[in-house]
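Shared between the two complexes below is chain A, which has chain B as its partner in the first and chain C in the second.
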Partner chain A sequence: MDRTLPASQRGSAMASRLTISNRAGWGFALPAFALITIFIILPFFFAFYLSLTNQRLISPNPTQFVGLENYRDLLGLSVITLGPERDENGAAVLNELGDLTYPRVRTVTRNPDFPQYRGMREWFRWRSGENARVVIASDVVFWKALANTLTFVFFIVPLQGGGALLLALLINQKLRGINFFRTIYFMPVVISIVVISLLWRFIYDGGDGLLNNILGALSFGLFPPVDWLGQPETALGSIIVMSAWQAVGFHMVIWLSGLQTISPTLYEVAAIEGASKWQTFRYVTWPGLRNTAVLVLIVITMQAFALFAQIDVMTNGGPLDSTQTLVFQAVERGYGKQDISGGSTISVLLFFIVLLISLTQRYLTRDRS
Partner chain B sequence: MRYLICSIALGGVATVATAQTELTLWYHGAGNEVESEILDGIVSDFNSGQSDWSVAVESFPQGSYNDSIVAAALAGNLPCILDVDGPVMPNWAWAGYMQPLPVADAAIEGHLDATVGRWGGEVYSVGLWDAAVALYTRQSTLDELGLRTPTLDNPWTLDEFNAALETAKTSGNYDFALDLGMAWTGEWYPYAFSPFLQSFGGDIVDRSTYLTAEGALNGDAALAFGEWWQNLFTAGLAPGTSQDPADRDSGFIEGRYAFAWNGNWAAAATLDAGVDDALFLPAPDFGNGSTIGAASWQFGVSATCEFPEGAAAFVEFALQDRYLAAFSDGIGLIPSTREAAAMTERYAQGGPLEPFFALSDAQALVRPVTPGYVVAAKVFEKALADIANGADVADTLDAAVDEIDADIEANGGYGH
Partner chain C sequence: MATVRLSDVRKSFGSVETIKGVDIEIGDGEFVVFVGPSGCGKSTLLRMIAGLEDITSGTVEIDGQVVNDIEPKDRGIAMVFQTYAIFPHMTVRENVAFGLTIKGAPKEEKERRVAEAARILQMEHLLDRRPSELSGGQRQRVAIGRAIVRDPKVFLFDEPLSNLDAALRMDMRMEIGKLHQSLKASMIYVTHDQVEAMTLADRIVVLKDGKVMQAGPPMDLYHEPANLFVAGFLGAPSMNFIPVNVDGVDGDHVTISSPSVDRMTVRGRGREFTVGQTATLGVRPQYIRAAAGTDGMLHGHVELTERLGSETVVDVALPTGGKIIAALPEDRILAHGSEASFEFDPSQAHLFPEVER
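Right, the complex of A and B next:
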């Protein structure tokens, strides 16, 4: 109806609908609005302010305004070039494996000649000709946490969203005892994540854990036990699988509600037209789930960025920082290391990252019709 | 206020003549029934034994106790008497959460050094007990591997210790030679392992100034410690950071570990489980003398308490040998005095845990006495876990030094 009105009137119609004719709506929204303001919006501004100071958790010293120093300490990156070690003739020295050897990074970062690199550490390096290029960061743990968090999100979104859709399709059938399966699939969601993390620690145990036992039995003992949480290569993957399993039931229910809004007559028509199962899914079910898909996508993404409890219980960020995440680091700094300003700085950065990604997703999945 | 109440009471109803000033006491032991019973017993003895003060106990679970104190301090609601973990005390004293405890010198005379918490030259906290760590093994293990029994005066050297671990490993009778308790994350790492570093000649911070960790945590001694530490894991002598906590609890008892580095609190369980030839050996001497960690939970008085003398009266009352002995018998801790130790079942002369009292007496070295310890301990824990998992020793220790130094600087030197 709005489309027939000129732009100026459209604006005023919008204003009147929001302010006058919808008093009950505002009344319903008010409690949630107040709670969100008090517990989310105000703390965010508070965190933003704290990130510009040197606020400590416990300190008799007065808080000082430090500008963007916390951000510089967190984000500082440089690339240095190391030439290979050479003997007195100028030939490169090779180690016993025949590789070039390079001076240690600490000869640069702890060298009084290079005060600008003081306190920085190697993040990663690559070879460029004879030289090694080393990326050094003033806060390597932060960068690793960022990379791990993004990896986690990248894998958990398809795994959890897809898995949940599969389960929803399975239990959206009229079979005897289907409620039993619904309950089973939903169960992990209502169990405390701390309890689940503790249980999965036993499952992943490197010696005689359940997973190693099962794999050993299935392969008739050929599969050597793996220390799933104790190795940098497998730790994050183990946590991704466990997290996907834990929350898959929640998203299954959301998918299910979406599935049940699709009119049965559409399926009847598809059946009469002789559509195959795949065609029915592709041209009836999936388009009908469009809005649900957007919701699931955004919710999983935002939850994934908040990864904390599993890390806290299962790995503490280790081994070798392979499971550090942004929220874990924010808490570790703010409370563990009594550096409230450092923790706040991570929170603010995380907010902007999540905002950016959510807006991008929203843009990409916008209704083009 | 107290006088006002007293005068009203005297003038009004004669039966309420003994109006006592209430002092709240916060304690970390919620959930431990035996511990609570003993504390309640002391408190009711104290309350009925004099007419000035009445102590009221509120218990918190240990896991959230420190957070509760910090939250209460920020909100201005600290109790009068609080208990504090020994190494954390300087942090709270410096932050202005605590005031000196005006306890009489006579009351703490003859107590184990580490049970008296001092900061800035004054006594801030006093403990009823201490804890100690020993190298657990069995006489049968030593016999089987052909090893001599180390003593307090003549502990194993670095070479002897390494050889013992190698022998245990090559014997093939054990899953691992040495259980360090890597499953116990948190304060266990600095408490149990920084003494190794100190025995090598390094430390978490430079204790001469407390203003830097440079040289202490990344000097030659610390590098030697780090290489030795890493080798324990790369050579397969000790289980690493992914150790299952259940293995930590039962591995030594079941004979899967030849040696275990564990505290006195686990000793009773070990003996009760049927390890009747258990030995509690002193820490090896890595070159700079044998050391073990020290200082456990202690009582102090908050800065906002109006009646420090009341708090001191309670602490002095609680320090009686019979209460120290009761705590020791109840929850297995090492009593603060020799006299109390003699009254206990386990730490008395000839008792099964007697070696622990001698260890506390002879080898105890408190963790760095500085407000910055709380942060340095976290950094140290991460560095040890990383090195155990194969990180480069020198780089990791350098990074730890940088982080500790940056924290000290950010806190204006922590008042040193």
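Right, the complex of A and C next:
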């Protein structure tokens, strides 16, 4: 194409229309592109930079470059072995309950003989023969947050993905009033998560909560009230259930769109061949949902790693750090404790964790045919 | 192998009646083609036989048993769809064996039956491929293989060749014909393509707007169409229709004339005519000949000629308006716009009391 000619004289009208529409296309993309750059891409690199410094949110001191020190402070983890306390004869000392007793962990972490353990605290321990093995971490709260986040992801993916698929299958029928149910199931998605978290705080209330009342009524008062969010054993589980409920409608809609791409003729073939409901699902529906499944899996995983609002509104990470999560910790440190470099470090780590998991999922669910 | 009988079958979608009382009998091992324009209800009728669509009223019998309330899987039918409907995630082998997998048939039986179907359809070399690696014709072959493995009493085909290109369609048409000869099963074949109907069918059922227009062997329908619709639908190019006046009726001999056609006497073929009415004269393009000079009984201007070598197709504008097509069985040069005169054997013409549209 001769670019020196005016547009009206160019050889092909098609080509000129393409260049024009191309410019229009960039024009349309620009606002989104600019916003994504300003609010996602730049902050990411900024966080990466901050994670290598000792920057605080507001500080009179100049910023210092500290290399990987922030990462070391977060990730430092060791296992130490403690032998039981023995009396002068070498026999193990038992306490009044008959259990072995062990020296306190600080005898190690504060021991000048072991400078590598300095400042670490106990995360958890288990028994190995007579000895106790203690996992100590330089940042126990971070490790708890990581473990909680992974637990959350582990349960929420099957619960939310599977629940949503089940609902989608139920909803994808031609029944009278089916739109009513579609609306109902989708409703939690359009309500702010903060509002929902507040509502569920009432539901989970330990004294007079809705859940306790229902369970009490169903068991004729035999079921003792539980402080669902106030106990380390039940808090995370409660948040998992509530989170699954909240977003299940969203993924239901994604599954539904996947279901509707499956040709009805394939179901007719299955009917003619006499496939049972389960066989129809196995041979027609599920293979037809392959791509949707990959999408749902990855979206749920990513959303799950970002768990924050529910924690912030309902538990603040407690009780006893049992609902700490990575994003909550990042925000808590960065803004609550003004340790913006520490928060950034968690964010960067989270990014790599999510990236790794997504790539793994992509690899495992790749199309092998 | 089995017989199929439809008695006063009707189907309504909501308040719209789509099938308006259809009676058809299909004999053991017969190849019956339902043909008709798009939307006339062919697929609906076939799907009612398959059990994929409820029957609003009337009965469908297969092998003497009323199947109205019987599940598709228990009707002893197999169906081949226009869109192939093979499973993209399965190999050809798995697709063909699908019905046996569902039934939980042992591996050896699967192997044997799939091999047999593959042999019949000459697709042994395709068995380990996936549908994405197959051409349209090969995919349809897989769907037919799946039907064969079912060993049905009745094969149902719903426009199986409509998604294929013209050349392939002809090959597959012949293969389906051969398949019928070798399996000797009853087959019902739906198409909107009259060539497929004419070449494949033992018997054709012409449908229009949910009603049977005429049923019978292809040549009967071709030579003795019962009405204007059937006359115009079967045969290519379509039969020419010329409006004429009825000048006299003498038993089965009807004398007609029009500005385009010289006065002549044709057979009424049992149809009722009254003097003075307007009727439609039907002449197939193949039965029209070029006349010497202006001796012919049909006169007009040549509008277009298509020389195909063995045949010359001529569009002729009639003096009364309207147009006829002549398919002359020779290579002939006719000048555009020239006056031309044609003749035909009145005994090969049809006279219909209806007027077009």
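Everything below uses one rule, namely that the second predicted complex is superposed on the first by the 329 of 369 C-alpha atoms of A that agree within 3 Å, B and C clash if a C-alpha of one lies under 4 Å from a C-alpha of the other, contacts with A are read in each partner's own complex, and residues count from 1 in each chain.
Here is the rule we go by: a residue touches a chain if its C-beta (ideal position, glycine included) is under 8 Å from a C-beta of that chain, and two chains touch if they have at least 3 such contacts.
In this text, all values refer to a predicted model and were calculated from it rather than measured experimentally.
Taken together in the superposed arrangement on chain A, chain B and chain C fit without clashing.
More residues of chain A lie in contact with B than with the other chain of the pair chain B and chain C.
In the superposition on chain A, contact of A:272 is made with chain C only, not with chain B.
After overlaying the two complexes on the shared chain, residue contacts for A:287 are found with chain C alone; chain B is out of touch. Contacts of A:133 after superposition: neither chain B nor chain C is touched.
In the overlay built on the shared chain, the residue A:263 is in contact with chain C alone; chain B does not reach it. Shared-chain residue A:125: touches no atom of chain B or chain C. Smallest inter-chain Cα distance, chain B versus chain C, after superposition on the shared chain: 52 Å.
Put simply, chain B touches chain A in their complex at residues 67, 70, 73, 91-92, 94-97, 175, 185, 240-242, 244, 246-247, 374-375, 378-379, 382, 385-386, 389-391, 394-395, 398-399, 402, 406-407, 410-412, 415. Residue ranges of chain C in contact with chain A, taken from their complex: 50-52, 71-74, 77-79, 81, 83, 85, 87-90, 98-99, 101-103, 130, 132, 146, 150.
Of all residues in chain A, only 54, 56-61, 104-106, 109-110, 119, 121-122, 140, 201-202, 205-207, 227, 229-230, 232, 316-321, 332, 335-339 touch chain B in the complex they form. Of all residues in chain A, those touching chain C in their complex are 263, 265-266, 268-276, 279, 283-284, 287, 290, 369.
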